[in-house]
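Think of it as A, B and C in the order they're written, each chain with its own count starting at 1.
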Amino acid sequence: GTKEDVARMESNLDVLWLLFGAYLVFFMQCGFALLEAGSVRAKNTKNILLKNVLDACLGGLIWWTIGFPIALGDVGGQTEANHGKPFFLDRLQGSSSSTYYAMWLFQWAFAATSATIVSGAVAERCAFSAYLSYTFALTGFIYPTVVYWGWGNFGFLSAYTAEKPYLGGNGLIDFAGSGIVHMTGGGAALMGAIFLGPRTGRFAPRTGEVQDMPGHSTVLAALGTFILWFGWYGFNPVSTLAFSHMQHAARAAVATTLSACSAGVTTLAIHVLGKNTPDVSPALNGILAGLVSIAGPCAVVDAWASVIIGFIGAFVYFVSSRLLLRLKIDDPLDASPVHLFCGIWGVLASGLFANKEFTNSVYGTDYGEDAYGFLMGANGTQLGVQVVGVLVIGSWTFVSSGVVFFTLKATKLLRVSAEDEDAGLDSSHHGGDAYNFASGKLNRN
Amino acid sequence: GTKEDVARMESNLDVLWLLFGAYLVFFMQCGFALLEAGSVRAKNTKNILLKNVLDACLGGLIWWTIGFPIALGDVGGQTEANHGKPFFLDRLQGSSSSTYYAMWLFQWAFAATSATIVSGAVAERCAFSAYLSYTFALTGFIYPTVVYWGWGNFGFLSAYTAEKPYLGGNGLIDFAGSGIVHMTGGGAALMGAIFLGPRTGRFAPRTGEVQDMPGHSTVLAALGTFILWFGWYGFNPVSTLAFSHMQHAARAAVATTLSACSAGVTTLAIHVLGKNTPDVSPALNGILAGLVSIAGPCAVVDAWASVIIGFIGAFVYFVSSRLLLRLKIDDPLDASPVHLFCGIWGVLASGLFANKEFTNSVYGTDYGEDAYGFLMGANGTQLGVQVVGVLVIGSWTFVSSGVVFFTLKATKLLRVSAEDEDAGLDSSHHGGDAYNFASGKLNRN
Amino acid sequence: GTKEDVARMESNLDVLWLLFGAYLVFFMQCGFALLEAGSVRAKNTKNILLKNVLDACLGGLIWWTIGFPIALGDVGGQTEANHGKPFFLDRLQGSSSSTYYAMWLFQWAFAATSATIVSGAVAERCAFSAYLSYTFALTGFIYPTVVYWGWGNFGFLSAYTAEKPYLGGNGLIDFAGSGIVHMTGGGAALMGAIFLGPRTGRFAPRTGEVQDMPGHSTVLAALGTFILWFGWYGFNPVSTLAFSHMQHAARAAVATTLSACSAGVTTLAIHVLGKNTPDVSPALNGILAGLVSIAGPCAVVDAWASVIIGFIGAFVYFVSSRLLLRLKIDDPLDASPVHLFCGIWGVLASGLFANKEFTNSVYGTDYGEDAYGFLMGANGTQLGVQVVGVLVIGSWTFVSSGVVFFTLKATKLLRVSAEDEDAGLDSSHHGGDAYNFASGKLNRN
């Protein structure tokens, strides 16, 4: 009958929406690859491309075997029939089955994103075997654990529990993952950059002065950033997961846009006001800062608030980037300023700017009707939950990824030799240069 | 009940459709950036990338504050409750509210497109502060005014008025904006190119002969064009706005494709018949000429007509491009031949080739049942409306953007110095070259 | 009434789904262009870009005139009213009309893909007029014939006949075209490579040893591969054609992903185990091998089976690539190992791994209830059908494209002169180099 047709159509639309989002978020992998390639020196291009390709490929196999089961193994409702099903993607029984495959795909693309963030921070000096190790740890265990805590049906930070959220309020408001995805990736990135130490020559031997090490192609960086922005329209709005909430999705898309716009312009303005010429790179990093900042609050804030969140995100990015250099931490892509520090800001911003109506609409009113933004009139409950979320995700990520990078360093597996670093990773480790413009001419002789 | 479920689903589908289109049209920004970067000399790459990035970022903030309210401030039905709401995107009441955010996003991407067109025509010599000025004028006032006239519920050119269209017939048939978007952007581009004057060396000092100034990367130009074509599938078919008209959308997608194919092949053929070897650039510009030509008529013409429209569009592009060079107007990207002249052709083509059945289906039969294409059997009413549309949009754009560029020129703010132009804008204005292939090697010493 | 609303919505969703898929598959054209451009030497970049641009443009015109009518001229149900309608896309009558335009678009993108595969194999030495000839033959006749046989309502290989499939079982299981698209393109590619002979210098004059001829940009190859992977999410899942089967689509998307991941990692591992450093190119070709292998079986296999199919696909690619070199056949892009040999494997894999439940769900139970994968418990009927499919498609493609390439060779139209090949096709045939990094500097004097 018509009623069944409508229910089936709604279910098909849920799948369509998740697939659409998954494809866009997957394409972000291409964006990261190009942004990172353009931001390193030409001699390390193949190294960073290969890491990004493998973040998707290896990531897929890890996510299939252990990542997804740990993260969202409860997706089928943990009935007897579904026990253990998420391992190797066996088929579910019951109501969750219709979106199960599409959900796996969407979440795989998120997991790959989280892993890719690290590759930027450790660029130009990290050994390839070390890369393989931390990717296994991150995609297979560190990140899935955070997802289970923050988005699972039984997670202690989660807003999606059947019972009252453990932390009170709505549980952690982190709609598309300023904390769960970006802080986790950005936190591991920071640990990687710290344990690896700076690239040779990044800080002048005696004075410690920062030496500029510009990437080899602004075009690739700009192309990568545009693709990331494009893909972010899957990352944020499609985090509604179900099709029935397109109003939330549209609001999230607008908030995503305005925060990116605001942060891009603000970061460029900060750069120019610091007596620099208007360069492209600050605008690009500003856009990314705005996108990360709004990932968490995108569905629960007003348009004006998203402009403010982006505006503040630009300063968070700028200050944290300077701070790292002051501390002699070399993060070639500014991956931790963008993803960790703006990720923190995004989690907190939800606790400050979440609009009551939107929050109730998205997170329900059973437990957290009065748990919205502190600056929007609520008491501090939700803001407190957000602070706890930041502390938990940050601590877990720092400690767990710290152990990984410490172990790799202690076993001398973390960093390539100074000679290989100087020669470039492409010629020393990956079979030759990424570019061969001369080869046609050699054949002319 | 089921009836409400169906209505809600239809409303959600409207939002999905607009978001899908908005994402694709936003991605065109990336296409323009790459096409323009590849078509200028390497020394001006960062300049053009930054302009394209800011067209999206600054454009978003301008569109949020004043552009959208001017253009489509009547979107909420102008009820008491919605008075002034479009400013800063406050929430609407009533039936329009469901697609309101998504509509803002879709229209923002269009506005950014319009602004970006100009950056190509003024490339390699326009001052950055002048760029900021004309972008504010174009995105905040000139373009929104045209949208209000042409697509608003009260516009004097509009086909979407509640009452009989002011101009008679169906009002202006300009489905996705051959006139409203491309003529506006292309007209401002032409004014910019005229007031700036040609790049130094473009015309030989004594003879006035055209000196070839090839762009630095055909790969970037081709990539940009492919992305533009891809994004155009949001621009044209999604201009149905509502989900209930997917037949129109599919027809528009096919027309878009065939016009691009036809114009691409024809332009290449014209080039080769002019005793040249088959180069890539004519094919790329031909594709864009076809895409612009079909934007207006895409929903109301037969497949065979779209092939003819593209075919003629190729000649319009070719002849107008030659004409500009004859007139010593230097438009480095051929932005005005592609967008202005083919935009004019697109508006007129609707008046010539609009099929009666399709036109009635898309524009209704209340007022314009017999107002379709002159060559399809109608009297000249609709063609007359289209001619008036061309004259109005053209005059407004020339005068308003002419005032902007004249003022900038009179205040010496328009053009960079000859030294800076010679050195390249990247090193003189944007912190250094876009490419640093040598930097890896320098570190080896 | 509500019932009619639901039916109309379902019909609109069918169109949306096809358009979505068509756009993604069209974007693969961009992916092929960049992959091929990056994989040839810089001196032949414009040549390969132009071929890819024309595969879309010329392909569109050919597909409109004769390709689509031959391939799917029965799409309107062959009623009196629809007789001859597919030619030039006149409008259909009846139930098929709603998705008719969208179907044409989706299938056009497939046809362009098939033609583009060839351009990789004949790169760097094929004459441009020969390219035009084989594209007409392939897009206008060879490929449409295979589509008619394999996917048409009356094709002798087809699983979509109203009556019992001619070959028994379910007819050919080739969901998204491992055989119909990739074997056809890859088979013609192999013929092209054979008749053209190797690039000058590819095999050392006396020893016959393979001389490495690396492409000029790994970045372009990686970007192209990412875009292809992205576009493949249209190619495979949207081959459900109708919206009512999103479960199949989601399963196909997951299978596509896991096969790509598995084959990418496996090919890289094979490369490294062969005492090489981990290079990017094997990972990229491995991904493509996995994507081609899973195109056919994607909707009917379990997740674990897709991992195995990708794993074996990696070996198929590796061994066939070595085999061609042993046979002194020079396929610069490895187009035939990827598309022909992995395409064959994909067709056979359906006969081995098709799951009974999925196969019955996708292909119905009227005739082929017990015709599924041989390794999944069925008898050999379906595997036999798949073998016949491979033989038929292979024979037809080899013979028909062989005739084309033989004729071109016999009339001396196939290959450019040795001087032009040495100079590069861009400067000798396409108006100059693709890159002009020096031009800015020349103007400084």
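Assume a contact is a pair of C-beta atoms (placed from the backbone, for glycine too) under 8 Å apart; a residue touches a chain by one contact, two chains touch by 3 or more.
Not measured: the values here are computed from a predicted model.
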Copy-to-copy rotation for chain A and chain B - C-alpha atoms, rounded to a multiple of 5°: 120
Residue-number overlap at the chain B/chain C interface, same or different (half cut): different
Length of the line joining the C-alpha centres of chain B and chain C, rounded to whole Å: 33
Junction residues of chain A, two or more chains touched: 2, 6, 9, 13, 20, 217, 435
Residues of chain A defined as touching chain B within the complex: 2-3, 6, 9-10, 13, 17, 20, 24, 41-44, 200-201, 213-219, 222-223, 225-227, 229-230, 233, 237, 243-244, 246-247, 249-251, 253-254, 257-258, 260-262, 264-265, 268, 276-280, 283-284, 287, 303-304, 307, 422-424, 435
Chain A to chain C touching residues, read off their complex: 2, 5-6, 8-9, 11-13, 15-16, 18-20, 22-23, 26-27, 29-30, 33-34, 37, 45-46, 49-50, 52-54, 56-61, 64, 88-90, 98-102, 104-105, 108, 128, 217, 220, 429-432, 434-437, 439-441, 443-444
